[in-house]
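Going in written order, the chains are labelled A, B, C and D, and every chain counts its residues from 1.
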Amino acid sequence: MRRHPRDPVEVAVTELTVVQAVNRALHEAMRADPDVVVLGEDVGVNGGVFRATDGLLKEFGADRVLDTPLSETGIVGTAIGMALYGLKPVAEIQFLDFIYPAFDQIVSELAKLRYRSGGQFPCHVVIRTPYGGGIKGGLYHSQSTEAYFCHTAGLKVVVPSTPADAKGLLLSAVADEDPVIFLEPKRIYRAVSGEVPDGDHRVPFGQARTVRDGTDVSVFAYGAMVPPSAEAATTLAGEGISAEVVDLRSLVPLDEAAVLASVAKTGRAVVVHEAARFCGFGAELAALLAEKAFYSLKAPIARVTGYDTPFPYALEHVYLPGPERIAAAVRDAVRAN
Amino acid sequence: MRRHPRDPVEVAVTELTVVQAVNRALHEAMRADPDVVVLGEDVGVNGGVFRATDGLLKEFGADRVLDTPLSETGIVGTAIGMALYGLKPVAEIQFLDFIYPAFDQIVSELAKLRYRSGGQFPCHVVIRTPYGGGIKGGLYHSQSTEAYFCHTAGLKVVVPSTPADAKGLLLSAVADEDPVIFLEPKRIYRAVSGEVPDGDHRVPFGQARTVRDGTDVSVFAYGAMVPPSAEAATTLAGEGISAEVVDLRSLVPLDEAAVLASVAKTGRAVVVHEAARFCGFGAELAALLAEKAFYSLKAPIARVTGYDTPFPYALEHVYLPGPERIAAAVRDAVRAN
Amino acid sequence: MSTTSARPQSEPASPDGLSEPRLLGAYRTMALVRALDERCLALQRQGRIGFYAPHAGQEAALIGSALALETDDWVFPAYRELAVALVRGVPLQAIVDQLFGNADDLVKGRQMPNHFSFRDQHFVSASSPIGTQIPQAVGAAMAVRYRQAPAVTITYFGDGATSSNDFHAGMNFAGVFRAPTIFFCQNNGWAISLPRERQTRSATLAAKAEAYGFPGVVVDGNDVRAVHAAVRSARGRAVRGDGPTMIEAQVYRFGPHSTSDDPTRYRPEAQVAAAREHDPVARLKADLVAVGRLDEPGDARIWEESRAAIAAAVAHAEKAALVDPLSLFDDVFARRSPRLEEERGQCAATLGTPSRSP
Amino acid sequence: MSTTSARPQSEPASPDGLSEPRLLGAYRTMALVRALDERCLALQRQGRIGFYAPHAGQEAALIGSALALETDDWVFPAYRELAVALVRGVPLQAIVDQLFGNADDLVKGRQMPNHFSFRDQHFVSASSPIGTQIPQAVGAAMAVRYRQAPAVTITYFGDGATSSNDFHAGMNFAGVFRAPTIFFCQNNGWAISLPRERQTRSATLAAKAEAYGFPGVVVDGNDVRAVHAAVRSARGRAVRGDGPTMIEAQVYRFGPHSTSDDPTRYRPEAQVAAAREHDPVARLKADLVAVGRLDEPGDARIWEESRAAIAAAVAHAEKAALVDPLSLFDDVFARRSPRLEEERGQCAATLGTPSRSP
């Protein structure tokens, strides 16, 4: 355990991977509050197919760590019922690609319960789910459909890209009063590790993180797209291009102030995500800038995204944005006038 | 029957409402091709809760007009199976708000079958569904979630706003080779009527319709937002503002050329839709313009949309964009510099 | 809010049988909700409320089941259960305010009529999508058990809902986790225009419970005592830890599916006439008259009082203020996000109203 | 493509019993797919294919059922049915090419291994989401009947899939529309780490068919003849217009759920050992030896031939070209939209490849 460099007060830290940080957060949340329960497919005995829930069953028992039948409708539907009654369920959906059987419960129920009951029935469920490509999972173990959830009023949507944020955002999610879709970039579950503050480390929602300061162009990314964006920025620095990289972290609520401040400074924007381009989250970011940063903009807003095709298997490397595509878009943006 | 004014050759026309035009198209499609079958809840004996399928059971019998159990999963799932086998099913979902139990079948199966089978199993299903507000239907009989479908590669998404387009787009949908989400603006089912060409009148996908020419600003709308946009343009004309109103008609494929041409001319854009703003279809349109029409743009791109709340009941009139809100946004766009 | 409550405070909530005095109370509530149903259909025709989903014919099932519950039990309703809310102590005024969607409406005018939500009475927010409440009731029951509360959850749904995804998921989870849940299916033989025989080929709906490993029972939904007994017994099983029960109450709804529906397009009038012969309200009245608990003048008084209470509630509801337009932006989240705050400001400007942040 | 086919062309596709010569053919196929299974697990461990979902232990269920089908029948598989494809005449090479996702792969490298699609053999595209194929099979069966074709559809799924929405919808629609569908459930007792007893409390999975008004039967999935007879009889019912049947084949899969899974975390090794005592391949071999249709040298030859055929197919697959990167943009729609054409151009530029529009 070491002191966390960013933290002014002495906080013990532990080096963890992203998935370990998720696991740590779950342990701590369950220790702190007996109302927190975990449910999902293979989350108990098996410890989750990615081991995110490893050890929970042993420590907290089968009353609080529930291996469910194969039904996402059932997982989210029962989690909603638990939340209405006063528990704080953290539901795991094995892959974001398999969330759709629960879509009705999420968009028609979870997102709308507080509103439609006039505030009488808040419904605080956290849905954790691994998302995104990069593990050769093909069409159904790779998708990034965060835009569906972002478009649904009543849901908060967050995406960590570092172990510290994975823990900090998950602890905030469990403590939140609203439903939270917690997207875990499975591609960097183990690929990225870093120092994670011990204890009740929370990262508030709605605050973007500047990964790297820059003055020529703003690169907005989240999840597994943050590392290649940062890598592109490093390459570009060598070419004399100063790219600011902003990790949005929370898509809903969005840190508009940070986005606008960055573009006010740079005048150029590149948005990066894995999801298909058409009506993807990048569209919202571009629309926001085209409305509110119009007079600062010096170049067209570029989107570096997955293509408007289903997610492939053999051609995953072609589909996914990498540092080269990001860097190319940034160069174009900087050259544009 | 009269001659259709827009049509160069003599074509008989009939005055119909939007829902009558849908009904007419279904009759004609079923007469023309025995592979066309209709299925859904209450589509047979009852003729559809909006009477869109009225008369079909009588003319075509219970083999081709299927009253299904209450399961959208079943409706879309079986429609997919029929289409794979070679039929051309037209499935009705009673309200777009109730499509979510079928969401998995739509986004994971229907949209991806051709792709994932390497082109071996095309899957041509038309899903018709009334959508949108304006009938005092509250949270669950009013929503406009077209963005979910537009973001899903493999689906075509079309929305008529006139009786002629309702028939013409629906006949094109039935004749198409790809899955089509056919959104019917229920608010103008009966409120709007007009001349509809008899016979095999088809409106191709991917072609926007200029509702009104203008030079100062482009207003993009679709479905039930077209009439209030046109009304706003009329008001604005009286103020000396020349607003071009473009009815997109087909959201996927989108007529980018028409959108870009209009903005190349006007330099200003206002996007109108009923759906919630955040990550709505308007975001894509704004992003498109911010990328490809950047140098023509003279003003921030405005979005006049539903708010980022669930759809209300008593306050529907506050939620839905009307001519006043549209006109106000246009005035702001024209004033901006 | 008015204080008209269906259940006199002195009566015990739910003894194991329905005594004659309690039966008379049940009859009063049945009369009240029958009269309310008639009144609401008229209000809708007159354009004074926007929509209504009637329940006449289902009173014994609704009230018999509700009387078998305890205060701490939780109800997960569909959209036809205002009688259950009344039995649980929800004031008539609160129900009528919801139908009008006025400023007193507890759901703040956000939902169509019939989509009630009464936190204090553990009557969970109703929604339109069919079946969604079913797994929610199971989850709440799992929470009840986790908290070791001596309570159950009950969920109401129709014959059509047995085809929903949520029915399957909810029933299966309840079986697997032995959740203390009662699945109360009101089988009226129709899901809008689809007759029960074409909803499913299952011999009975209750038989479906077998597929999930717990008992299903069929009960005459016109017999308030039989319904009460069935729910009471299911409740007993549940609190004893013996798991869920499905109850299929066979009922007949006399009216249309809703005020948007025209049942003459699909339903033989003779069927309705035949069903009216078994009207549960008339049946209970006859029983009470037979044992000398009720006579014609007493009955007339009950109806008169019901109508008067309803008239008063309607008059009050119509006088209530309209919903504040800017309340549109509340309750999306616990606190308004910056984005919602901004939209609220824009909306206020559109309305010409100053945006006062409460 | 190579021409290795599991079913000799001379044999009739599916007589009503499995004659001894046909049984020997079945055994050959069982040996082939068992050998393939072993080889694929090795290929995955060596990093030569990306993933694999084994089926060893399920051969009698897979092959017995497939042999009961006719050419015009349609198969809606899950992800563990390559043996069924082989029986239907899909060349071994086509299967191996899919596992490699190379340029010869009929699904153009778009899906993970095991997600086959063979139009010519009416073997419908498999997907990962559990259960989705079930209502599709029912819809296709409804189309079969509409076209008055003397055929059926069959859908394969696991015990876990019985909890899916799609199972419920598919079973219910099949019951209501009397669709000529066979629901073939391979119950291996596990859905990844969840044992069958906690998937559902239903006494058997086949018993669930009752809830939909048609018969469900349990069959010993290690007995190729029993499986064949059950499917044959269900097929007869279906083509006669008597509607669907659910068959629960009780099997045991020896291997992990997939190469991503570690079953030692949840499954007792003793259970696997016990199941191996009932190995369906060994059992059929013993039967054939007992009746004098097979001897040890003959058996050895079968395995040798199988391994040789597999080795050849693997070698061929590894020599095949890689998928063309720009094929990424094909088959999203029947024709590329302008948007896809543009993205294709951008992609080509990124790759430094000229964008040649075919």
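Just so it is clear, contacts are C-beta pairs under 8 Å (C-beta built on N, C-alpha and C of every residue); 3 or more make two chains touch, one makes a residue touch a chain.
In this text, all values refer to a predicted model and were calculated from it rather than measured experimentally.
Trainee: Select the chain at the greatest separation from subunit C, using centres from the mean of Cα atoms.
Mentor: The most remote chain is D.
Trainee: Decide which interface, A-D or B-D, involves more C-beta pairs in contact, and give its chain pair.
Mentor: Result of the comparison of B-D and A-D: B-D.
Trainee: Could you tell me the distance, in whole angstrom, between the mean C-alpha positions of subunit B and subunit D?
Mentor: Roughly 39 Å, centre to centre.
Trainee: How many angstrom between the C-alpha centroids of subunit D and subunit C?
Mentor: 47
Trainee: Taking the mean of the CA coordinates per chain, how far is subunit A from subunit B in Å?
Mentor: 32
Trainee: Mind checking the centre-to-centre distance between subunit A and subunit D? Centres are C-alpha means, answer in whole Å.
Mentor: It comes to 36 Å between the two C-alpha centres.
Trainee: Among all residues of subunit B, which ones touch two or more of the remaining chains?
Mentor: Residues 68-69, 71, 73-74, 97, 100-101, 104, 108, 112, 115-116, 139-140, 153-154, 252, 278, 308-310.
Trainee: Multi-chain contacts in subunit C: which residues touch at least two other chains?
Mentor: Counting only residues that touch two or more other chains, subunit C contributes 105, 108, 110-111, 115, 127, 129, 163, 165, 168-169, 172, 176, 198-200, 332, 339.
Trainee: Can you check the complex and tell me which residues of subunit B touch subunit D?
Mentor: My answer: residues 37, 63-64, 66, 68-69, 71, 73-74, 76-87, 89, 101, 104-105, 108-109, 112-122, 153-154, 156, 177-178, 206, 252-254, 256-257.
Trainee: Any idea which subunit B residues touch subunit A in the complex?
Mentor: For this pair, the touching residues of subunit B are 97, 100-101, 103-104, 107-108, 111-112, 115-116, 139-140, 145, 147-148, 150-154, 252, 275-276, 278-287, 289-292, 294-295, 297, 299-303, 308-310.
Trainee: Quick one: which bits of subunit C touch subunit D in the complex? Just the residue numbers, please.
Mentor: Answer in residue numbers: 163, 165, 167-169, 172, 175-176, 198-203, 207-208, 210-214.
Trainee: Mind pulling up the subunit B residues that touch subunit C in the complex?
Mentor: 41-42, 44-47, 49, 67-71, 73-74, 97-98, 100-101, 136-141, 277-278, 307-310, 312-315, 318-319, 324-325, 328
Trainee: Quick one: which bits of subunit C touch subunit B in the complex? Just the residue numbers, please.
Mentor: 50-51, 101-102, 105, 108-112, 115, 127-130, 160-161, 163-165, 191-194, 198-200, 260-261, 265-266, 322-323, 325, 327-329, 332, 339-340, 343, 347, 350-351
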